[in-house]
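The structures considered in this document are given below.
Next, two complexes with chain A in common: one pairs it with chain B, the other with chain C.
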Partner chain A sequence: MATNKRAPRPGFVLDVDKSTPPIVFHHGEGFRLEKLPAGRTRILYPADPLVGLPDPDGAIRDALLHPIDCDPLPALLRPGMKLTIAFDDISLPLPPMRKPDIRQRVIEAVLDMAAEAGVDDVHLIAALALHRRMTEAELRHAVGDRVYDAFAPHGTLYNHDAEDPENMVLLGVTKHGEEVEMNRRAAESDLLVYVNINLVAMDGGHKSTATGLSGYRALRHHHNVKTMLESKSFMDQHKSELHHSNWRQGAIIKDAGIKIFQIETTVNNNTFGHDGPLSMLQKREWEWTARDRASFVTMHNGLKIMKTSHKRKIFNSWQAPYDLTSVQAGEIEAVHKITTENVYKQQLVPVQGQTDILTMGLPYICPYNVNSVMNPILVMCLGLGYFFNLYRGKPVVREGGVLIMTHPTPWEFHPVHHPSYIDFFEQVLSETTNPLEIEANYEKKFAEDEWYRHLYRTSYAYHGVHPFYMWYWGSHALAHLGQVIIVGGDTRAVRRLGFRPASTMQDAFEMASDVVGRQPTITHLHNPPILMADVS
Partner chain B sequence: MKIVGASTVSGAAKLVGMARRAQFPLRAPTVPRGIEPLPSRHPVGGDYDTEWARSPLARVTRAALVEGIMRPLVYVFGSPERVGADRLDDIDGPVVFAANHHSHFDTPLMLTSIPDRWRHKLVVGAAADYFFGARVTGALSALVIGAIPIERNKVGRKSADLARGLIDDGWSMLIFPEGGRSPDGWGQPFRGGAAFIAQRCGVPVVPIHLEGTGRILRKGKNRPSRARVTVTFGPPLVALPKEDARKFAVRIEREVAILADEAATDWWQARQRAYARDTPHLTGPTVGTWRRHWAVSARDKTVRRAKRTWPKR
Partner chain C sequence: MKALRFERKIAKFAAATIAGRVVPGRGAKHGPLQLEDVDVPKFPDADWVRLRPRLAGICGSDLATIDGASSRYFEPIVSFPFVMGHEVVGDLDDGTRAVLIPVLHCATRGFATVCDSCARGAINLCERIAFGHLEPGLQSGFCESTGGGWSVAMVAHPSQLLVVPDEVTDEAAVLIEPMACAVHAARAITTDDIAFIGAGALGLLTVAATRAIRPDARIVITAKYPEQRAFAKALGADQVIAPNELTRTLRSTTGSLVVGDYLTGGVSTIVDCVGSEASLTDALRVVAPGGTVLVVGMPGHTSLDLTALWHRESALKGCYAYTRDDFDTALDLVRKLDLGRLVSATYPLHRYEEAIEHAANAGPRGAVKIAFDMRNEKQRNDL
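This part shows the complex of A and B:
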């Protein structure tokens, strides 16, 4: 393909004119084509996928042998030591990547060195904090069959359990009164190796261990409304209170004498591939070939008549052909600085000034519904939490502006993965959508509910408090925006979220005019593939 | 009178209309202003290669299409009156035909009106961005009407070289020097392409005036109507020594305007007005939009279709 041979182009801002073709909006397990108003609309397009490292295994080995501000990994390994390898869970990357997963490559390289050094006591832990446990198939996909078969049968490859009092240890309290706890095995190891995949700027750093291997007692200090309101945005480390809090907890972990060897990786944004059935989704619409158009028309119309369960099965089977763009290892903060630069290199798009209306098409997936259902709370979290916060500097939309999202927003929940979400939606959101009220009146009850604890520990359920965190994730956007409209969503579900439903994009613009006037400026976030607006 | 096959034609017109109204992604996307399109593996636009459409097989196919399909359709919709072809009797070799342009009906009309000597070795200069914007339309245009891509928005050496090569090989060329169909029923100023090519190749230009095609299928209309049309061939023009292409283009435009006058009145009145420098401009009066529209509708109503007794057609 010509696309592969061309040097990757940076992201850019398109000023919409009459020649601009209709724009593709993600719409859950489907798509919409929207003609945006000419003369006052701009579209933020992501950069082309960066070229991946030619020899990923060589690059990983090189990073382990030449770490930053740290001794080489072989020098840290010795016979008789306790080694723990923790790794990111199912929420990264999105969508799950094609085999071999980066975690598999890195973990195999680390284990290879450990074997050479004669290390016998090795545990592997999926650092999932309060997320649902990973299934065997998901673990196999992440770490590979070789690693799974060598460790899982002996009980040394497992999911982190934040509600097991015996296996959690309190490490201390920060100056701000934030408790810091960690998985006991990780904390008591001679060396903790953390294997990270950095998809967005929020990931990685101290958050990997301070959050991923932690529990409710520690997480509540930054997964709360106040922190979210003070994180503008939580993707911008310098202005993220979430980041600062994790860094404070990270300092306590360090002071507790826990030796961490951090391995961070970045991938390009080759989410839908250069060819294949979804490749048109990462092309600019005017560059679609006849084949792209034919594929899209077939897929679009096929999806319209397909049952939702079948659509989910198809989309959930998609694995992104991500390429590894960087790998760095060593001391957490030094490593994370370079990782963040590499993430920005792929994702940052310079944007001049704010807009009255921000539009976005929400896809079928977010970090918390892999192989699951995107319920209304996750729709809110993806739109107002993740996509709204994909900015540096200022939000893309002005204060008091309008956010228009497209998603079917079905009144539907995965009963195994999201049991507490169902009760949150029925019992809490029916009373109030105010994050502060929700936090004050309901959080503790859900977080300490024994049934939810039981499901989290033994089934595949997200923790009882997780829907609250999803709601808090959008609190900065809720405080910032004048109105939120969802196009094409289930009317009752959208109203329950406290948003306004619209049938068409034109209706949504009409409704938005009550807030932003008749000739508002509009900016569309053409995402995914992921981009981050650098707003000046 | 009921026309045989009229319903089929109307159905086809409906399909064409639907195809024209189709939006992206059913049709190729337009490129936003200021955006550099990706280089294509299958060049379109000015880079489209039409050589295959001049192979013997393609020429036979085209001749069959022109005589078997186009000619009956042109007859059904336009019942054309062809005037002045005798003015071409003395020309040998390739020529450049330059006609005014009101409608997509103009090309089929010309392909069935140009005398046999040139008709089957003729290429049509077609807007590269419009006819060759996609591979399918480019292929159809090249095969059915013998189109070659001409850049109308920029000066393209490639187009000029292609035209020169073809004329050197004995091909004649049909060009609509206005660069596009009339937006309002009046003519547009002639661009210099036809004059430039004729001058560069040392061949004559045959000015042609087409009257009435705008009533059949004007710009913006999808369904054709029936109306009588007239094709008036003018005397061949050759570039004068030291006359540049721009001045030659003006002369061609003036000659077509005289032919328009001749179609609207008669040859004698048209000649008188030509010598008096009183020939109405093709581009119409320089007045407000509604008055131009008013004038064009008045002109169409009063078109005189003189019953000619001489010369015989």
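This part shows the complex of A and C:
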């Protein structure tokens, strides 16, 4: 594998001047080149990928043998015990990583130690909460063929089922009235090992188990509009009510006597590779070589004439050559503190002050459309949920400012993965886009719909309530922003979202001038690879 | 006098069928409908009176006839040549303004003893529509003896007339006949969970009538076009959806499961205001077990898989025309709801090709009801 010989540079804020070349905006399964106004635009570039650990397997073993605030894993293992290994699902990392997946490396290491200790009652559970079930191919990719073949045929490697009443157990209620529930096998195990991939700051910690192995009864206490409005941002643990709620639930899990050995990992920013067909996407445009430019132009023009289904197939086949940058194991909170520092080390970019207009190019993928379709609700969630919240301190865009996103926003849904999304889009958003109204009037019906429940449990569908959570994810941004514009989107779909469609970036700036005046400051979030703005 | 008359000309009928398939309403240009000078119909007996149409609407069944799309079922119950037009408001010779109740039932046909249906007031189910002293014809507008509303004069039996109060405009009055159909359909509904297929004039009026008769009903309707959606909401629909959203919406609102193409549950009443093979197929897929599909739009020769109807004990029920009582209610509703606004455009008789094409494409052109306007026809005022 080729590596970047140069020491990784930190994130960077570029002030756009007349010599700045057109900037690449992700645009679903394609790209846009946009010339941004000189003199009042800045571009936030992510840091170069950190150097990965030279011996990932050695680092993993070391973490298991020298955990934080906890006995070494072998000391926790004994014959006759019940061991459950839960792991992050298909939503992490993004895009899926090249083999071997970190989960495979970690699970194999844990299983080796379990085997040495004579543990033979082992279950592996994909901790997918209310996400869709993982397919066999996806599970094989995550845990590796060896693990899959050893466990799946015996029914001991499977997807979590939050709607199986027999296999969910209520653990208690927090002082805030939040119910806490968990997968019964996990809860009744002598040891629960959780294997995490921490892509962004909101991942991991108590959220791994309190959310990943939970169900609607418990999730509704923090996956709601109030929590989202009080999470500024949900990527900033100290200011995230989502984080606080998960931590309260985590305390109940601990009080219930469930022993958890948390293993958290971080990856670098090597999303598109140092070489290869997409490598120019993690370079700064003025540093592109002639070859980069030629490759981009060829790809860009090819994508313009290619059928969407072909484009989708190509992009969905991309696997990121991520490197492991850290692995830490042991007590959840102590582990997560270090994990978060490692995430920040890769992703934080210092930014001075807010801006009138925030621009962002939305890529083809978000956590909920792996091997699927980025439908309009997910476009909203990625832009106003994830990317908008990639800040610490203050939002990059000022209150009442304008968010401009580029994405084709097709009126298209994956019928197997997102059936309740279709109904949400047709039946709910056609009536209102107000998150509070949506929550009050529609959530319960969708959450308890027997058909969605059936599809979640037996097919590969996201839970009936999931599109609501996607909409709530954008609540803070909706309340904060004066206007949202999508460039190059399907006009009808954009309007159904409650946003304004624009054909070009120039049109979008013109439309935004009604809200922010004629000479607004503009900040472009050059993401992905992922960056998190540290706004002072 | 000037009249739009439909003749029995096989070649022209074939041409209309082809033209109508290519462009809806184009049958008017190539088919058996002609603007002609014809004699004013003779009075069948001394009771009959002359009615000089003011406005006469164009209905879906008219369009099917003109485009050669209607069933051969009608052949024995119409009489050629006939002057078309059965949605009529006109003037009697004494100056009274009246709406035509076009069904040609026993009383209009000179029977001293009426059939069982007519005896109980169900004139729409009259058993003698092809008999008596009139030529066959289920309604005025399809009967050689009576003439029709697309002309400057026709004849009507007194039992066919409903006096129009002064405050009701001609535009509102011309909607009383289709509204009577709507009232009749609404009265046939027996449940409060209802889905309508089709938001043309008939669909919209049936929603309005249903809302009036069943104020607590939950009404879902499919509508293709923005104006239809707006009217549907305004006239009482709780939820207006695109046609391709029907199954998903009803599945969701009824909490049903899905097996193959069918909901396991569904809505207890589907009101099909289209009557096509596709709409009836959709209706049978989403009607609840034991529920009813009410066929309000005029169907034709249709191929349907009725296995689900059998298996789920659902019912397919026709719904044709109205009774006198339905007309009285229709007058009240048209007045109360100010439905004259649904008349989108009117045409003089000589522009009938444009009028028919406009009516056949009413939805995409943002229209609901198209009508002929005879008020300024010179011949009419000279009669």
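Simple rule for what comes next: the second predicted complex is superposed on the first by the 533 of 536 C-alpha atoms of A that agree within 3 Å, B and C clash if a C-alpha of one lies under 4 Å from a C-alpha of the other, contacts with A are read in each partner's own complex, and residues count from 1 in each chain.
In this text, a contact is a pair of C-beta atoms (placed from the backbone, for glycine too) under 8 Å apart; a residue touches a chain by one contact, two chains touch by 3 or more.
Just so it is clear, the model here is predicted, and its values are computed rather than measured.
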* After lining up the shared chain so the two structures overlap, which partner does A:203 touch, if you call chain B first and chain C second: first, second, both or neither? -> neither
* Which superposed partner A:17 touches (first chain B, second chain C, both, neither) -> first
* To do: Would you check which partner chain A:423 touches, where first means chain B only, second means chain C only, and both and neither mean what they say?
  => second
* Partner chain(s) touched by A:33 [first = chain B, second = chain C, both, neither] -> first
* Partner chain(s) touched by A:296 [first = chain B, second = chain C, both, neither] -> first
* chain B or chain C: which reaches more residues on chain A? -> B
* To do: Examine A:450 and indicate which partner it touches, taking first as chain B and second as chain C; both and neither are also allowed.
  => second
* Structure fact -> chain A contact set shared between chain B and chain C covers none
* Structure fact -> chain C contacts chain A in the complex at 239, 241-242, 245, 248-249, 251-253, 255-258
* Asked: Can you name the residues of chain B that touch chain A in the complex?
  -> 23-26, 28-35, 37-39, 41, 134-136
* Asked: Where on chain A does chain C make contact in their complex?
  -> 422-423, 426-427, 430, 445-446, 449-451, 454
* Asked: Across the complex, what residues on chain A touch chain B?
  -> 2-3, 6, 14-17, 19-22, 33, 285-288, 290, 292-293, 296-297
